[in-house]
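What follows is a group of structures, each given as structure tokens.
Note that chain A is present in both complexes that follow, paired respectively with chain B and with chain C.
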Partner chain A sequence: MLTIPPLMDDGFAGEPAKRVLQYMQAHKAKGDPIVGIYCGYAPIELIQAMGLVPAVLCAFSKVPIPAAETVLPANLCPLIKSSFGFIIEGTCPFYAMSQAVIAETTCDGKKKMFELIADIKPTHVMDLPQVPDQREALPNWKQMILRLQEFLEKTFDRKADENKIEASLQAANRRNALMQKIFDYAALRPSALHWSEMYDVGFLALPATGAEMAPRLEALLERLEKRVRDGLHFGRPDAPRVLVTGCPVGGDATKIFKVIEAAGGAVVAPDACTGMKAFAGTFQENSGDPIGAMAERYLKIPCACMTPNERRLTDLSIMIDRFKPDAVIDVVLQACHAYNIESHKVGRHVQEAHGLPFLKVEIDYSEGDIGQLRTRVEALFESI
Partner chain B sequence: MAHRFAGIDIGSRTIELVVVNQSGQAIHTLKADTGFDPMAEAKQMIGAVVYEGIMATGYGRNLFEIAFEAPTVTEIKAHARGARAFFPEALNVLDIGGQDSKAIALSDNGKVKKFEMNDRCAAGTGKFLEIMARTLGYAIEQFGNEALLAEQETTISSMCTVFAESEVTSLIAKGQDRREIALGVHASVMRRVAAMLQRVAPEGDIVFTGGVANNACLRALLAQKLGRRILYAPQAQFAGALGAALLALEAA
Partner chain C sequence: MSEDYRLMWKNLGLNLEAHDMLLGVLGNAYKDIYLSQKERPEGMAYFDFVMSEVHGLRIKELLDEKAAGRKIVGAYCVFVPEEIVLAANATLVGLCSGADFAIEEVEKLLPRNTCALIKSAFGFKLGKVCPYLESADMIVGENTCDGKKKAYETLGQLVSNLYVMDLPQVKTQNGRALLKAEYFQFKAAVEKLTGKAITADSLKAAIQTVNAKRKAIHRLSALRQADPAPISGLDALLANQVFFYDNPARFTASVNKICDELEKRVEEKKGAFPARTPRLLISGCPQAVPNWKLPFIIETSGAVIVGEESCVGERGTRNLTAETGNTVETMMEAIVDRYFQVDCAIFTPNPDRLAHIEQMAAQYKADGVIHYGLQFCQPYLMEAIPVEKALEKKNIPCLRIETDYSMEDAGQLKTRIEAFIEQIKG
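Presenting the complex of A and B:
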């Protein structure tokens, strides 16, 4: 599909999960313990400060869904069904490597699914406050991070002092700043960065430490700079630019990105926990309370499980100004009530505050709806 | 020198073909069942008329594009254009076809502003009415008129086509009046599309297109429920093909 040499030319281009697997195997071989995580609220910097390696667990394939449906209801979010199916079928290599799993009370489906896997491996559930701007939310969340620290200390017999945690935050800030510089190339018109390259980089940058990533990201920035000098870009210069917001999109769900491209569009801003959201925000440095600083940054993630979630609209506005999309598509995974209901507000905001065409699509991981998606996306582009 | 332009709407149930002259008047209209080989059917239809340019729409448009190297347009834009041909001031369009329904809001200049489609489920589509008509023993052309003769409605509560069919079957077995059940079936479709219209196009007259627009009962129920005028052209089923033909003409 790409005629431009891939950004990460390491034989794993377009297969970010395989690259991450290799990374995990290398750490495993060194004897570093691996902790499975599911969600953007898992405080990765704490895990890393303790010398543990966080592995994002499998959740984006339709293959294990029939197995999951022997236990879970069919009318449930495909991400939860897929996650569960991977575990009961024993097909997620990251889960197999993990010695413990960190989970959060984000949505009802996940909460109850975690109960079903809790007896397979040590599974620690963090109680995530869902009214983030209430006075108690931040201290409560900080307590939950401290509790996680206790769990990890006990499970892995490792400790992290405040200096180590502070260093971990600072390294993450550096990494996030570099990631933002990389995303700047997608903001160019026409875009010099493909969404699959954002995934290639992001899927590795998330579990890897700031120290490991910084030199790699700097090298990638040089490649991108050269790409721009050579006048290379993706798609037709006049291709409709699309900001994709909503539920996480990976694996089989990336069909929506492919449909957008088949309809002549360019995905310039994948805003979701699988995209740019993971690298947003900064940790306050040298605050004297690194866990508190961590809690503050994580609680600002604008997930639809939060209420009210005005931050999602504020962040969208900033992203719209930066990436200059011609249209916004809100991806809702089937049966994800939080994102589905919130879509009404998002659509109104995008249309009224920014005058941009907006489309909500409800998808699962199957291929059966590609034709219908194509019609919707083409009609959206016709309305630009 | 181009004089005539065609639009072909390859839907899930029927294919329509319209040819317009230089001034946008329809000079040919053809209709056929889609069947199991839509491209063979389409080929036969385009062989029967003369034109200089053609544009395809409908779910089969991409197949047609490959087979006949024709430009395509989505059925949303095509129906919007067709609706404006029938009613030049149209700002709201409801299209109910064989296997989907869509609500479209237009800007003053006729451009699509907002739309929503239901194509995941047969409820609220022509297929639902077709199955229920058969279960009740009515010809689809007569279904709406028969329902209008009912004095009251028997409520159909199942949303799913399969369950609604068994619900209708059990109502028949209980000796319920056929026309009252028929009215209930129409009301069920009406409620689905009324909700979609209220979300997408909440104000003003509505142009009803697609084959189901021919159903007088559904038009009456919608007008009553929404308190808005439902505008209907006898050629409503050809709105998509006409719109595509006009877009081909305008692109030339």
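Presenting the complex of A and C:
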């Protein structure tokens, strides 16, 4: 990897959070209000249509966890503990610059954690349906987006009409389509795109508007095309290709990607809210009901908080066909019941429908389990 | 147990050997925990009998009902409205979930760090030891917590008759509308199961039956305000547990009979424990049969439990369904209103629960509160934080406990609880 010039050569290669911080600071300097978000269900296209900037809040460092554990149960997922620790210690710059926070009733842990921080900053909780295919789910979720719009209007005194929201959706579609083209380079065998580059691009592409991102992404695509022409790729050509699914993975949790590489594998498809999931799907354009179109696209996110979430298996199959992994690793953050329990179904699907080896790992943000993870990943690769 | 039952259990598909073992353990636990208590009300003999026949006579009754054309609906949660089930000519029973069973088998399907209650429900199925589950024509799951919501996806592969009900998480108009839609769908599903349409008359009668049961429990609870407490927390918990199993009319009559006796006891200042015994309230996760660990430790450590803020307790029984409606529609609305008030920790925010705990502490003159959290039950473990804060403000001592169904921590729990009781006596 060292011989390949970084895809984004802006001085932040491999440090997506720093890049995003710079982006946020630039917007703040221009006087754009910033809204903190935690989750892939936060409708960023609406936020952007209102002239606000969504900032993904800190949740991926082990550092604030001991502080969080003075209040929270230790038996809680590290993402929630880290988020909470950042807030009570005041160490998350994105939280500090946010004037309000958007929360969702995704999992029990987050839902109850938001109650504990609701009095610190204006916090708006979106009631997320759990059964997306139920008749009431779509109208309910659309209403939740409308409520969010009211909250943002009131809090920031900004408005967005339907035309602005429609334009925001169309720009997001363009951005997502370009992101998919970028991911196609990871699908190549051998892969011409590194997971850390997917993170570099993705972490910026999420909060930035489609209009801001489109020219940048087109430039990156030219570079990637050149890489392929020059015959550059990551890892050994015969390295076992791994699709990593499951919980969000960032910061200290990316140890799992590093372990996979150290064991000789290549992470070709990080499928998670922190990876490709955020750029999946398409908003219906010119529907005459952009908020409805938004609701529809967001409800299709196959998060394990949904039940029965068969969509996750369907989407996994499509990804397996596209990225042609040799193995699937399901990353479960400790005490994340939804992904943990669902792993049983995912494992069966991967093995039975695709005949692929499957490994579930339950990790936290510490370094204590790296040796053991390495052994298990190596054993997985031996079975290929 | 007679041979009759063995044949019955065999026909239900139970694993007789494992089931014998379970009944053996259950019988011994009951003897050690319940029958060893002193100063028990005579009326508790009824519950002793119920417990001795909990997998016997009661199951036979259910099977007789089935033979006569009634359907049996099994449920895991107090959000499943018994009124609807009864009105459609079916019987609702609580499903087994208070003890570890077949843990090895369970952990092939569920993560080890899933709460004991969920694992237990699976254990009873996989170990083939729950005659209620096997008798049920319909098993109702509900999207309460993450663990249950996702576990039902797996349980659906183990049983053929699982019906899952969605629940709201926020108490808004939307939330209520969701609950209403779910209850109407559930009504249709039960009607389809039994082939009997719910009528205004049948629904009214069902509401009255279930309310009568609740009122009997309210009466029992109110008597526990007295000092000395006329009944132990263990015995009162048992009545709350049997609430989910017994024939409703018989249960109501039996509890009322105990209350008659307890009224006399209160008059005579006769208690299950001496006057001025430290009084504790338990708040938190449900305690299903035979999960008697915590109350047993508390009541053998010098305190008496005077209330349960729990689904197996006052959270589950406190509100009545309005009986004023005369059409199915208005009564269904009343049912939705009643259940929408249940202040389970799955709701966000859930301020009613804090208020209710404070209210119960005052009403039952509790000297302290023990917050009971099952390991890995995030909603209750998280909510314990504001509960403790709210109680602190009122100068009510609170002890947060996190445990499971095993006895491994019994010694440690006893030490902590004894220290807490000492602190209260101060």
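Going forward, the second predicted complex is superposed on the first by the 383 of 384 C-alpha atoms of A that agree within 3 Å, B and C clash if a C-alpha of one lies under 4 Å from a C-alpha of the other, contacts with A are read in each partner's own complex, and residues count from 1 in each chain.
To be clear about the criterion, a residue touches a chain if its C-beta (ideal position, glycine included) is under 8 Å from a C-beta of that chain, and two chains touch if they have at least 3 such contacts.
Nothing here was measured: the structure is a model prediction, and the numbers come from that model.
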{"item": "Touched partner set for A:130, first chain B, second chain C, both or neither", "value": "second"}
{"item": "Contacts of A:345 with chain B and chain C, given as first, second, both or neither", "value": "second"}
{"item": "Which of chain B and chain C A:111 touches, first, second, both or neither", "value": "second"}
{"item": "Winner by number of chain A residues touched, once chain B and chain C are compared", "value": "C"}
{"item": "First, second, both or neither for A:331, with chain B first and chain C second", "value": "neither"}
{"item": "Contacts of A:73 with chain B and chain C, given as first, second, both or neither", "value": "second"}
{"item": "Touched partner set for A:378, first chain B, second chain C, both or neither", "value": "first"}
{"item": "Overlap of the chain B and chain C footprints on chain A, listed as residue numbers", "value": "362"}
{"item": "Parts of chain A lying in touch with chain C, wherever the complex brings them together", "value": "71-73, 75-76, 105, 107-109, 111-116, 118, 125, 127-128, 130-131, 134-136, 140, 143-144, 304-305, 307-309, 332, 334-335, 337-338, 340-345, 362"}
{"item": "Chain A contact footprint on chain B (complex, rising order)", "value": "59, 62, 73-77, 111-115, 117, 119-120"}
{"item": "Touching residues on chain A, where the partner in the complex is chain B", "value": "351, 358, 362, 369, 371-372, 374-376, 378-379, 382-383"}
{"item": "Chain A-facing residues of chain C, complex", "value": "109-111, 113-114, 143, 145-147, 149-154, 156, 164, 166, 168-170, 172, 174-175, 177-178, 181, 345-346, 348-350, 373, 375-376, 378-379, 381-383, 385-386, 402"}
